[in-house]
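Structure first, commentary second.
We just call them A, B and C in the order they show up, numbering each chain from 1.
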Amino acid sequence: MTPSSLKAPTLAIADLTLGFRSWRGYAQVLHGISLDIKPGERVALVGESGSGKSVTARIVLGLLQQLKTARISGRVEFEGHDLEAIHPAERHRLRGTAMSMIFQDPTSSLNPVFTIGVQFHEVLKRADANLTYEAAADRAAAILAEVSIPDADRVLSAYPFQLSGGMNQRVMIAMALANEPKLLIADEPGTALDVTVQAQTLHLMRQLVEDHGTAVLFISHNLGVVREFADRVYVIYKGRIVETGPTEAIFADPRHPYTRVLMEAVPRITGGGIPEIEEDAAGFGDPLVVHEEAVR
Amino acid sequence: MKRSFAILLSNPMSVAGLILVSIVVLSAVFADYIAPFPDHRGAVVDFANFNQPPHWPNIMGTDLVGRDMLSRILYAYRISLVLGVVVLAIAVPIGVTIGLAGGYLGGWAEYILLRITDVFLSIPPLVLAMSIMGVLEPTLINGMMAVTAMWWPWYTRLVYNITRAEREEGYVLAAEVIGASKLHIMFREILPNCVPAVITKMTLDLGFVILIVSSLSFLGLGVQPPTPDLGSMVADGARYLPDSWWLTVFPGLAILVAVFGFNLIGDAMRDVFGGDQ
Amino acid sequence: MSQIVRVLAKRLATSLLVLIGVSMLIFAIARVIPGDPARIALGPNATVEQVQQLRTELHLDEPIWVQYGIFISDLSRGDLGTSLYTNRPIILDIAQFLPATLELVFIAGIMMVGFGLPLGRISARYRGSAIDNGIRVIALLGVSAPSFVWAVILMLLFAFYLPIFPIAGRISDIYSIAPVTGFLLIDTLIAGEPRAFANAAWHIILPAFALALSGIGQAARLTRANMIETYDKPYVEMAQSYGFPERRIARKYAFKPSLIPSLTIIGLDFAAMLGNAFLVEAIFAWPGLSRYGVAVILRKDLNAIVGTVLIISATFLIANIIVDLLIALINPRIRYSQRPQ
């Protein structure tokens, strides 16, 4: 955080740790993570599975705190407010309104036994509790049009299994942006989809967050996607941030040994198979590398 | 396996279950030494001391012909447990084999075996056992047969569901590719994957067999007097409620304790090993 | 909706097949009986001629498949034969006793769903808490005793020691209600006697609860297990991350999907009550099928045994079909064809 910034960052995480206590002992998952996202900024958190990216997102939303076995310390600030300090009801109010989330697999993230319309209604009720179904359907139709779904009536009366994965992903994006959140957390969005459908929906998402000025925490293991999407990147390895900086800077000059290996792991069309990342190769434990940001 | 038992022993519910079941099993095995009046298991009469509320030395009272309730309950446990073990020893292999065959062989075998299972499953269990006991003479052996006849289809269903899922697994295809016989695949490859679920169900079922057998004899269709049985003790005593409450309450609680114990263990095992509902 | 009709048609067809199987099974069981049913029915004092006459009447001298054929053709005319115990057509006997049993089972079924599902839901929502552990122990106790034990305990506690409920019977003697449906709770309303209805309702609570207890326990355990599984599904996490109220998640978004796997088993448990009703009826002197069923079994009244089991199995199958329809109503995947339109 630079003292010169005029507005508080949308999200500021400082020295966040997380561990799980079980009957076999204690397992540390996050070893003090710090990151910040300015209003309207798209920031990627990159790492392999198990590195702690998804749990970070869930702590921001306040979902992990319910677990009795979770031990969390550190500071999470949203628009300048310490999320641990505010009343739980207040924090609950932020979910689905000021911050929302998009998941890996859109089809299994939508409830199978309720229509899209019912679920959209519930999402819109987060901002306006007295909204009727009809009014919600009108609002939903307007937002669905933004994600290139013209026949909103058909989609709203459908169940998730009746729509394609790409269609469900558009619905998810529409739901996530419906209440004009300040922060959107995208956890490996569309990884479960076809590559082409994934690219289309990501493109759509990028356009929308730009139009709405939404800040995004983009969680991914795929550097190719990250390069397209993010302004800034944090590389996470085994619960520690190992390198951070503007996207171009990191891609132009990856300095941390782990980042370099991760870059080589991007599957290429030219073939050669999927490269393997070794466990705990020399240098992965090296200290954090920070690329200075270009002055804007 | 070792770790699983460690988890079982760290769970207060399963420890409570183990204690209850140990009490029931030990008192059944050592009834001859524990029972205050071992000869009261049979047709003994002591009219001087009949229908007495709990007092020393008859701490659970005496029945209508003056026999010690506690002694009879201990011997009734012995018969219930033997019945339970024998029923499962017959029903489980039959049910498991049919389930394996139906699930693995597929086609007509699957269709016919499952329809037969459906027939058994679509008669309420107690009614099926009752009608079998009805046409046969009510003896211990026939009671076992009746309860066995109603029990095997549940194992068929359980094993069939697992087998159908395992049939598509890589290791089964691999065994088929190298030309293993159907019997080998069914019993040596697939069966081991059913064992945890089957054992869990057997633990729960030991309790439920005791429950069903007592229900049959409650209706007068099971173990016959003078052999002590928890169900018929409740039935005989029910006519003397509420005054002679000990005639029904103690045998009733005895059923509850035994079945509850097996259920506590079975539940904890299901948490550890998984298994069906 | 045409999908629902398809589900129904398919279920009816397989049920008919199963029912034929049941009739063959019960028929076979009834004929392998050791001893001569005619002799048993008439008693040791009957003459050889009398026994032979009954054997001819019952077609006992024919081969078993001929006997089965005769039985089926009678059955198709709604004739289950004559009871040797009551000397009346069995169908009349069953029509007289079955409604009382069905009424008891039906009320118990409502209790099972009405108490069991909410208990399981609360248990799952507060899993790991003291409330959860309490409900788990109570539910396990419920399934750990046969219903006659619960009947005895409930009767002692709530009819004798605390005389809140009546001890036995379906209705107090002062009311005489003309049987229309045989269901007293309905007949009293048809007769326009609210006091009699209240009296009948007051009589049914204790026996129905004794019958329902194991079902309540089973339904609570099942609902809890399936809901805990549902709570781990991505769509529940989605609901939580969007801040849907926890109450609404527990009552709607996590509950409805978890009902689909629970309902089949709950249907089976409901049907098992048809058998367990025998046990409760005996304790509460409930004038249902129990006494008749046990009596004909003890007297080896073959036709009556076959008829009773067949009717009970048919009721059981109908209950299962209703459950399948309920599942189809809840699960849109069954309701709508999955094929692309």
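Observations, loosely collected:
The criterion applied here is as follows: a contact is a pair of C-beta atoms (placed from the backbone, for glycine too) under 8 Å apart; a residue touches a chain by one contact, two chains touch by 3 or more.
Values in this document were obtained by computation on a predicted structure and should not be read as measured data.
Drop subunit C from the picture and the touching chains left over make up A | B. Each chain gets a centre from the mean of its Cα atoms; the one farthest from the centre of subunit C is A.
Distance from the subunit A centre to the subunit C centre is 51 Å, each centre being the mean of its Cα atoms. Chain centres here are Cα means. That of subunit B falls 22 Å from that of subunit C.
If you check the complex, the residues on subunit C that touch subunit B are 14-15, 17-19, 21-22, 25-26, 29-30, 32-34, 136-137, 140-141, 143-146, 148-149, 152-153, 155-156, 160-161, 221-222, 225, 265, 268, 271-276, 278-279, 282-283, 293-294, 296-298, 300, 302, 305, 308-309, 312-313, 316-317, 320.
Only residues 58, 61, 63, 68, 92-97, 100-101, 103-105, 108-114, 122-123, 126, 159, 161-162, 175 of subunit A touch subunit C when the two sit together in their complex.
Interface residues of subunit B, counted against subunit C in their complex, comprise 13, 115-116, 118-128, 130-137, 207, 211-212, 214-215, 218-221, 231, 234-235, 238, 241-242, 245, 248-249, 252-253, 255-256, 259-260, 263-264, 267, 277.
The touching residues of subunit C, counted against subunit A in their complex, run 128, 233-235, 237-244, 248, 252-253, 256-257, 260, 330-333, 336, 338.
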